[in-house]
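To keep things simple, chains are lettered A, B, C, D, E and F as they appear, and every chain counts its residues starting from 1.
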Amino acid sequence: MSDISEFQKEREKLAELMMSKADMNMKRFLNLDTKVYEDGALPAKQKEMLGLVASLVLRCDDCINYHLVQCHKAGVPEVEIIEAMDVGLIVGGSITIPHIRRALKSWDELEGKK
Amino acid sequence: MSDISEFQKEREKLAELMMSKADMNMKRFLNLDTKVYEDGALPAKQKEMLGLVASLVLRCDDCINYHLVQCHKAGVPEVEIIEAMDVGLIVGGSITIPHIRRALKSWDELEGKK
Amino acid sequence: MSDISEFQKEREKLAELMMSKADMNMKRFLNLDTKVYEDGALPAKQKEMLGLVASLVLRCDDCINYHLVQCHKAGVPEVEIIEAMDVGLIVGGSITIPHIRRALKSWDELEGKK
Amino acid sequence: MSDISEFQKEREKLAELMMSKADMNMKRFLNLDTKVYEDGALPAKQKEMLGLVASLVLRCDDCINYHLVQCHKAGVPEVEIIEAMDVGLIVGGSITIPHIRRALKSWDELEGKK
Amino acid sequence: MSDISEFQKEREKLAELMMSKADMNMKRFLNLDTKVYEDGALPAKQKEMLGLVASLVLRCDDCINYHLVQCHKAGVPEVEIIEAMDVGLIVGGSITIPHIRRALKSWDELEGKK
Amino acid sequence: MSDISEFQKEREKLAELMMSKADMNMKRFLNLDTKVYEDGALPAKQKEMLGLVASLVLRCDDCINYHLVQCHKAGVPEVEIIEAMDVGLIVGGSITIPHIRRALKSWDELEGKK
């Protein structure tokens, strides 16, 4: 199994655990976290790219992987992923490079080029 | 003079000072920092919004103001600014709220509604 | 007017601006941001102290000031504020010191010792 | 062996290595890091919860696990852990979610529900 | 009065306030914060430059100013300050630029070129 | 194989992947990231130590490992590594401790004491 598939499986299991323990306020947050990325004045696709770059500069591999999956589903081409990462890289600096490296491996797995 | 005009004036003065002191590597970085936001596979406008959200979650008022000015020049409507900020707010949490407040004041000044 | 009074006045003005521009998702976030600090299994007072230390290690003066005001209203004594800050200082390091200094000035103003 | 037990074993081994190499200043820091969480005006239990939320918003799994173990020893009930995490989640944003998920798995292991 | 002189005056006043309120643990931290920068295997001058770059990537203007003052006292030439900032800039990204700009203004004031 | 050798092997593989996908701007950044650490007014060795402490306070294990390897090649003795880490620890706080622990394990592996 590819790393990204393993990530998705583990993520799903832990998300269920979190939902089973969440109180009302935690559930409200999780619910809002879904709504924010829905189509609005900005298309969902562009919001996922915003989420991707935000996750990159804050350096969270899980969040990067999640938004990469969403971008892939939304049909974002690799050239746009790279340019979005360029923005994250210049804003966030070389400290983001290890995350970009792992993200590009995830992307290849999503594209089936593993 | 509005706060955003003062910001721009001060920013320009300090940017000149930085350029006058910068060595070759610092100049290369500043140069690359311009190139990254130019039209490519992604339009400059969308890259500025990526820069805006990255700056918001990293909580840098100067960087937020800069990208707001660029978004305003590129004709981004307020409703898109708000939705982009929604992404920054959910990803980065309530710690970003003081920055969103000040950013919305800057935006009003840019729109001439001060 | 003390710095903390000025902070509160400015904060109120900008909070109104934000509310006037907020879309549904932003309003939901702001609403949840209030609910989270209400009495529950943990008393509101203890939640405000959690918010204070979270704000300290993330180094946001506005957020620190806000939670100091709430702690003051809830009757937290100075000795507990100091011990909470000790936790923030050891976890977050010397980079939090300038924020602790300003927070202690705010605290004195809240106590009317300005 | 559960993940949290493995974490504790590895942590202990590396803590010994660090102590064996630490100079006087590093030892002083480690010593102070213990003292700060001792009973004072605030009970040790509440300080551990402050440490937990600080670790959550700074997103350090090892630190979160450490404070979870301490909270568990101090008898903090799950409902209080969840409410403390609500504060961390709203302050720190969705970027903390992967850490909350893993923390709740650790918590279950500590409670023997693995 | 130059900005850096004002900073130093304000800093001194607030440092006194902090010391007057600090409990034993806070005092221990402040004491250790001094010891760490003393001459050891590494000369104090090099430690101040480490502190400068750490403060730059964590983006704390007060901390940057403090270490600039110490570097200036230790006789670090401007060309070394710039190269140290180059490291901070590449590691921490463009988000550090506003801090570098203000730091270079402080540096000029320290050199009496205001 | 030691952890640090595995890290280096994995890093090399992913760095190749990144280079194969990088556009012009990403390549420029990677190129600049090399130049910044070359001998200048400051010797390369001292710049690597600046990079080490910057990576420590930003808490990136990969970046810490990379700079440890470079420091080891440049002949930095352990006592200087420890003192540099003392600066990172006091500036960045206890949240850096898990990274220091792992870094010291890497260092031992580099010294062949695994």
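The rule is short, and it goes like this: a contact is a pair of C-beta atoms (placed from the backbone, for glycine too) under 8 Å apart; a residue touches a chain by one contact, two chains touch by 3 or more.
Note that the structure is predicted; figures quoted are calculated from it, not measured.
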Original post:
Which chains are shared contacts of chain B and chain D?
Top reply: A, C, E, F
**OP:** Report which interface contains more C-beta contacts, comparing D-E against A-E.
**Re:** A-E
Subject >> Chain centre separation (chain B, chain C; CA means) in Å >> reply: 26
Subject >> Rounded Å distance, chain C centre to chain D centre (Cα mean) >> reply: 23
Original post:
Centre to centre, by mean C-alpha position, how many angstrom separate chain B and chain F?
Top reply: 31
Original post:
Where does chain E touch two or more other chains at once, residue-wise?
Top reply: 23, 25, 29, 32-33, 36, 40, 54-55, 57-58, 63, 79, 82-83, 86, 89-92, 94-95
**OP:** Could you please specify the touching residues of chain D with respect to chain C in the complex?
**Re:** 32-33, 36-37, 40-42, 46-47, 49-51, 53-58, 63, 77, 79-80, 82-84, 86-88, 90-92
Subject >> Interface residues, chain E side, partner chain B - complex >> reply: 59, 78-79, 82-83, 85-86, 89-90, 94-95, 97-98, 100-102, 104-105, 108
Original post:
Touching chain C in the complex: which residues of chain A?
Top reply: 23, 25, 28-29, 32, 35-36, 40
Subject >> List of chain B residues in touch with chain E within their complex >> reply: 11, 14-15, 17-18, 21-23, 25-26, 29-30, 33, 54-55, 58, 60, 62-63
Original post:
Which chain F residues qualify as touching chain C in the complex?
Top reply: 57, 89-96
